[in-house]
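Below, chain A partners chain B and then partners chain C, in two separate complexes.
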Partner chain A sequence: MTAQTIQKSKNGGRLRLWWQSVWSRFDDVPLLGWLIGALVAVGLEYAVGRPFAQLLGMRKSPALFGFLFILKEPWLIPSAIVYVAVMTILPIAALAKATASFANKTATALLRASTLLSVAVHLILLYAILYIWCDILPYRLIVVKLTLIAIVITLSLNVVNGYMGEFSCSHPGFISLGAYGASVVTILVFDDPSPWLFPLALIVGGIVAALGALLVAIPSFRTRGDYLAIISLAFTFIIKSFIENLEFVGGPRGLGGQPNWASLPVVFIVTIIAIWIINNFVRSILGKALNAVRDNEAAADAMTVNTQRTKMTAFLFSAFWAGVAGGLLAHVLAFINPASFGLQKLAEVLAMVYFGGLNSVVGSIVGAVSLNLLGEMLRPLEIWKWIVIPLMLILMMIYRPTGLVAFKEFDIVALLQPKQTTKGEQ
Partner chain B sequence: MNKRILVSILLLLVLSVLLAACGGGGNDVIRIGINAPLTGDNPKVGEGTKYAAEMWLEDINAAGGLEVGGKMYQVELVTEDNEYKAESATKANTKLITQDEVLLIIGPQSSQQAVPAGGVANDNKTPMISPWSTNPNTTLNRPWVFRTPFLDPFQGPVVANFATEQFGATKAAVLYDVASDYPKGLAEFFKAAWEENHGAGSVVAFESFTTKDQDFSAQLTKIKESGADFIFTPQYYSEVPLIVQQAHELGWDKPIVGSDSWGSAELVNLCGDDCDGLFFSTHYAAAGATGATKAFIDRYNEKYGYVPDDVGALTWDTLLLAQQAIQDCGEITGDLAVDRQCVRDALANIKDFHGITGDMTFTPEGDPIKCAVIVRISDAGEFEFFEQVCP
Partner chain C sequence: MPLLEVKHMTHFFGGLRAVHDFNLSIEKGEIRGLIGPNGAGKTTIFNLITGVYQPTEGEILFNGQSIIGLQTHEIASLGLSRTFQNLRLWRHMSVVEHIKMARYSKITYGLVGAFFDTPQRRREEKEAEEMAYHLMDELAITHLAGQIVTNLPYGAQRRVEMARALATEPDLLFLDEPTAGMNPEELAQMMDIFRQVHKEFGMAIFLIEHRLRVVMELCDRIQTLVFGEVIAEGTPEEIQNNPKVVEAYLGKEDIH
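== the complex of A and B ==
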C-alpha cells in the first residue's frame, strides 16, 4: 500500500511535467484556433455522436462530459471516457494544432481590419458551437441557458461586492423584482404580446429592480460594511413579503405561463451585451473611481471623487442587470414564486461571485460557469453533492482567498491576439 | 515503465468498453422517472417518495417484471433530486425526458417545483403525475399532466361542512401562513365556503403569520376575543403543535381543525397530549385502516420504522396508477412518442381506480375526483378514521 502511494506521488510529479510538455505544444494556438477545433468537434458529435455512443454500450451520448455516470451507471465510465476523448478532446486538440498557422493569420488579419469584426467573428463561432452542442441533446439547452443567466447575475453582483467592496445581500430581491417586472409586462399588461416586446419587458424588469435599489440605497448608503449587509439582507426579505402579499401577481402561489421567448439566441445576446457593458463600466473612469472608494473612501473624496454619486450609480447599475437576468430567468422557467428568491438564492449567487473571483469580469464568468456545470454534473451524488461543493468553496477560501481569477482585467483584444506575432510580424 | 502503465490503462479501457457494449440492456425495459426533493428544505418529503417507490419496485421485481400485453418488461426507476428548487426541478425533468428517456414521470411533490416541471413535461409530450401538488396551475391547460391528491377548492368546503355539522358552529376563525402557497390557498377556499353557508362576516377572525414564525399569541388572542366557535389552521406539522399549545395556554378550549398537511407522524410526537381529540381532513386514516391501506402501512412501518406520511401513500397510489395505465396501454412499441401518447390516453381514461387513498377518476383537466377522510387524533395519539366525505 505504502509503496503504491509513493509510486503514485512520484507519478504525480512526472504527470505534471508530462502535462506541461503537452500543453506547451499548444502555445501557438490562438482563441480562434480553439473555436474552430470546438466547432468541428461538435459537428462531429452531431453527425455520429449517437451511433458511436450506442456502439460503446450507452443509450445516449453523455450530456455533460460523462459526469452523470459517476454513481448511477459506474460500469459505463470507461465508455464515457472514450466517448469524450474521441468526440471532444482529440478533435479539438488535433484541429487546434493543425489550423494554428491559418488561425493565427486570420486572427491577425481580422484584428487589423477592425476589432469589432474580430469580436463578431469569434462570437458567431462561439454561438454556433453552443447551438450545435445544445441541439444534440435538449438537456444541455436548459443547462446552458441557466448558466448564461447565472453569468449575468454573478457579474452584476461583482460590481457591488467586488468593485465597490461592499457586501450586498439584496441581489435575490433585485432578481425577483426584475422577474416579476418583466412577467407583468408579458403576461398581465398585454393581452396578445408579440415577441418584439421582450427586450422592452427585460428593460422594464431592470428598471423596476433599479428603483428597488434606489429605495435601499437612500437610507443605507450612510452606513458601510456590516451595516449595509444587514440592511440589504432585510431588503431581500421585505421584497419577498411584499410580493407574497401582492394578489395580482399570485401572491405566494407564484406567477406562471410566461411566453416561451427566452430562447438560446436571446439569452446568448443578452448575456454578451451584459458582459460588454459591465466590462466597459468597470474599466471606465467611474469604475476606477469605484475602486478608489472601495480602497479608501476619505482619500477618494479628497481626490475629488464624488463618492456618494459613484456608489449610487454602481448600485443601481448592478441592480438593473440583476433585474434583466431575473426577467430572463422567469421566461426560461415560465414560472416564478417569491419563495425561490430567498436565502438559498443569495447563498448561490454569493458563492458564484466569491468562487470565481472578486473584482474580475473573467472571474465572474468562470465562477458562474464552473459552479453551474459542477452542480449539474454532480447531480447523481445527491446529498453528497452538498458536501463536495461546500468543501471546494472552503478549500478555495483557504488557498485563494479572493477567488479563482480575482483582480484581473478582461482585455478582449489581448484575448483575440494571434499567438505568433513576435515571429511573423516584427 | 511509464509507457507500460499507459498501455495497460488503455487496454483496460478498451476491455471494459467492450464489456459495456456487449452487456448493454435490451429493449425490454420500462423506465420511470422520479423527480423528488431528496435534498433541500424538505428532505422528509423526498424520503417518503423514494421509500414508496422502492417498495413498489420490489413488488414488480418479485413478480419478475411488469406484464404488458402478455410480455414481461423489466422496470427501472430513474430518481432525480430537485433540491426543492424550481430551476433544479425543470432541469431534472428535462434530463429525465430527453436524456434518460423515461416513459412517464412521477413527481415533483410540491407545487413550487411541480408547476414549472409540469410545463416541461407538457411541452415534451411526456405524461407526468404529481402525487402531492395542489396548485391548480400544475395541471391547468396541460393535457399531459395529472395529479393524485384532491384539490383545495374541494377540501375547503369539506372542512367547512364538517365543522358546521359536528360542532354546530356558526362563527369560524382562520389562522394561516400568508407566505406559503398551500395554507394561504386553502384558507381562502375555506373562508369562501364558510361565508357561503353562514353569510358574509361569519369568519370572524382571518389571522395570518409568516413562515418560520414561532409566537402566535397576538393572533390567538384576537381569535379568542372574536368569539369564534373553532379555529381552522391549515398548517404543517412543525407549526401546528406550537399553535395548539399556545392556544391552550391562552385558555382556548374550543375545537381546532386542520387539513391534510397535519397528517405526519411527527405531529403527535411534537404535540403530545395537546392535540388529542382534534380533527383534520386528509387522504387516508392510518389507524384502523383495512385491506390494502393497512398492508401498505404495516409494510412501510416494518421496513423504514415509521408510519408513512400522506406523501408516501399518495406516491404509492401514483405508482400503481402509472402501472395500471401502462398495462391498459396493451403494448409497448419501443417508440417513445407512441408509448407516451398511449400511456397518457390510458391515464385519462382510468375510471374508479381503487387506491389506498380512495377511489379515483380523472377529470379532463387531469385532476382526480376522490373522497376526503376526516380523521380524529385519538387519546393514544393515533389518526383514527372518523368519517368520509365524497364530492
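== the complex of A and C ==
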C-alpha cells in the first residue's frame, strides 16, 4: 500500500479498513488472473447453477446477482446471496488468488511475445465469459447486448460533453438517425439482404447521424456554451417529429422486422472497435486538442490548434458512433419507433456519462455498465426506479461532481501488465 | 527584408480609437520592447498582429507576406508564437501534454493516424514527446512533466507557458508581461531563460513589459505607447532619458 492509500484508510471507517485489507490480498492478481477466475466461475454456474438454485428453493438461477428478487420475492434474498457467493464471488476470488503466479507468468510471456497477442487473449477470455454467462439464461443475453451498446453511446457522448466540454443534447437524435439509417438499408433497400451487409448498414447509420450532426454544428458552433445545448435539444425534437412524419419508415408506428444480425459476437466486436478507435483518438495530439479548446480556446488558437476543425471533427465523430450504436440497437430490438428517442433517452445517456466520469474512457465504460445493470436490477421497482436512479445521480453530483472515474487515461498496455513486479518494489 | 513589418496600423473598438498609426519593423533575432502605462493598447497590438482582432486600417507583413485576414492558428503556424499576460494554461492537462499540444500544426498523420494508431502516428507522437522533453530540460521543468499545471507554483507555470510557446518553433516570439507577479529571484531566473532561449533558438522577441530593469537589460530597441500612439522610440538609454516618457509614466512636473 502506498502512503496515500494508508492515509485514506485512516480517514475512512473500520469497514473501509477491513475492505482495504481484504483487497490488498489481491494486489498481485493481474487482469488475466481475474479473467481466468471469472471464466471458471461462469463455467461452474453453467454446469451446476440450476440444480444448486433449486436446492436453495429458487426456480432458476438469479439472473443479475439476485437483485431482481429484492421486491418480487424478498424471502428468497438469503438464497440469492448464498447463490452469488458460492457461484460467483468465492470461485473468482479463490481462483484469481490461486492462479496469480501462473497468470503473472503468462501475462509477462504474452506481452513479451506481442502486445496484440496479449490483447487478443484477454478479449477472447472476456468474450468466453460473457458468452457462457449469457448462455445460462436468455434474459442475460439482451442485458449484455444493451449494455455493450450503451458503452458505445456513452463513450461517443463523452467525446463532446467530457473531452470537448460542450453540453450536447442531440444524442437521441443521432441514435435514432443511425437506427433508422441502418434499418432502411437492411429492410427497405435490399429484398434479400445477406448478413455481410450489416457492417455497411451500420456505417450508413453512422454517416446519416454525422450528416445530422453537421446540421447542428453549422449554426451552433459559431457561438459557445448554452447555445449548443439549446440548439442540440431542439435538434432531438426536430428529428423525432421528422421521423414521425416520414411515412415510408412507418411514421409514429415505428419500423420493425430488422433481421436478427446483431448477435453477441457482432455487438461485442463493434463495441471493442469503438472503444479502441475512440481511445486512440482522445489520446492523440489531435484528440487532446479538444481538451485544449475546452480549457482555453484562445490559448489553443495561439498554439496553432485549428479550433473550428477540431470541434467539428469531434462532433461528427461522436455522432457517427452514436449512429453506429443506434444501428446495433435497432437490430437487437428488431423494432424502433420515434417515441423511444426522446427526452427519457437523453436523460439516460447523460446520466451514464456524468455518473461514470467526464473526460475518461474507463469512466464511460463504468457509467454505462453500472447504470445499465442498475436499471435492469431495479426493474421490479417499476416506476420507483425513476426515483432511485436520479437520487443516486444527485448524490453523485454532490459528492463527486465530475463522476466516478473522471480525467483518467485509459492505457491498455498498462492494464495488461503482470502485477508481481510492483509488489517486489514495495 | 524585416521579419515583421507593421505599417500605419489603426484600430477602433466601436468609437474608441485603441491604436493609432502604429508602425513597427522587427529584424531577425532582434529583441524589441514595448512599454507604456496601463490601458495604452499594448496587448491590443499583440492581439491585432496575432489575428485575434482584425485591424481597421493598415498592413501587417510577416516574412514579406500579408497576414491580415488569416486566422490566429494560421498565423501561429507561420512562426509567430506568444505567451499571455494572464497565463492561459489548460487546467486539466499535464506539463508534457501542454508542450506536445503546441506541436499540433507539425502533425501530419491526420485523422486516420488518430483513429487507428498507425506507425506514422507513433513516430510523430514520439518525436513530439522528445521535443517536449528537450524543451523541459532547457527550462528546468523536466521533473514536473507529469504534473497537472494548476498544481504548480506561479513561476513554474510561467516556464510551462514559455516552453509551450517555444514548441511551435517560432521565428518571432511575443511575450506579454512575462515577469508579471514574480519575485526578484524568479525574475532573475526568468531573465536567464530569456537570454538562454534567445541564444539557442535565435528567434526575434517582441516584449511587453512594465519592469524597466527587464526592458533595459534585454531589449535592443524600445517603443513607448501612450493612448494607442507611439510617443517615443529608441535605444533603452534614449527612452530612459526622454522627457515625454517620463511625463507619461510620472506625470508633468509643475513648479510654482
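Note that in this section the second predicted complex is superposed on the first by the 407 of 426 C-alpha atoms of A that agree within 3 Å, B and C clash if a C-alpha of one lies under 4 Å from a C-alpha of the other, contacts with A are read in each partner's own complex, and residues count from 1 in each chain.
What we mean here is this: a residue touches a chain if its C-beta (ideal position, glycine included) is under 8 Å from a C-beta of that chain, and two chains touch if they have at least 3 such contacts.
Keep in mind it's a predicted model, so treat the numbers as computed, not measured.
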First, second, both or neither for A:N291, with chain B first and chain C second: second
First (chain B), second (chain C), both or neither touched by A:L76: first
First (chain B), second (chain C), both or neither touched by A:K60: first
Touching partner for A:P252 - first (chain B), second (chain C), both, neither: first
First, second, both or neither for A:D301, with chain B first and chain C second: second
Touched partner set for A:V143, first chain B, second chain C, both or neither: first
Residues of chain A touched, compared between chain B and chain C (which is higher): B
Footprint overlap on chain A, where chain B in one structure and chain C in the other make contact: none
Complex contacts: residues of chain A adjacent to chain C: 277, 280-281, 284-289, 291-292, 294-296, 298-307, 313, 359, 407
Residues of chain C defined as touching chain A within the complex: 50, 52, 71-73, 76-77, 81-82, 84, 88-93, 97, 100-105, 107, 109-111, 113-117, 121, 125, 128, 164-165, 167-168
Parts of chain A lying in touch with chain B, wherever the complex brings them together: 11, 14, 54-60, 63, 68, 72, 75-76, 78-79, 81-82, 137-139, 141-143, 146, 240-241, 244-245, 251-254, 256-257, 260, 329, 333-340, 344, 376, 379, 382-383, 385-386
Chain B residues touching chain A - in the complex, by the definition given at the top: 2, 5, 12-13, 16-17, 19-24, 38-41, 78, 80-81, 85-87, 90-92, 94-95, 98-99, 101, 111-112, 115-116, 119, 123-124, 135, 137, 178-181, 184-185, 210
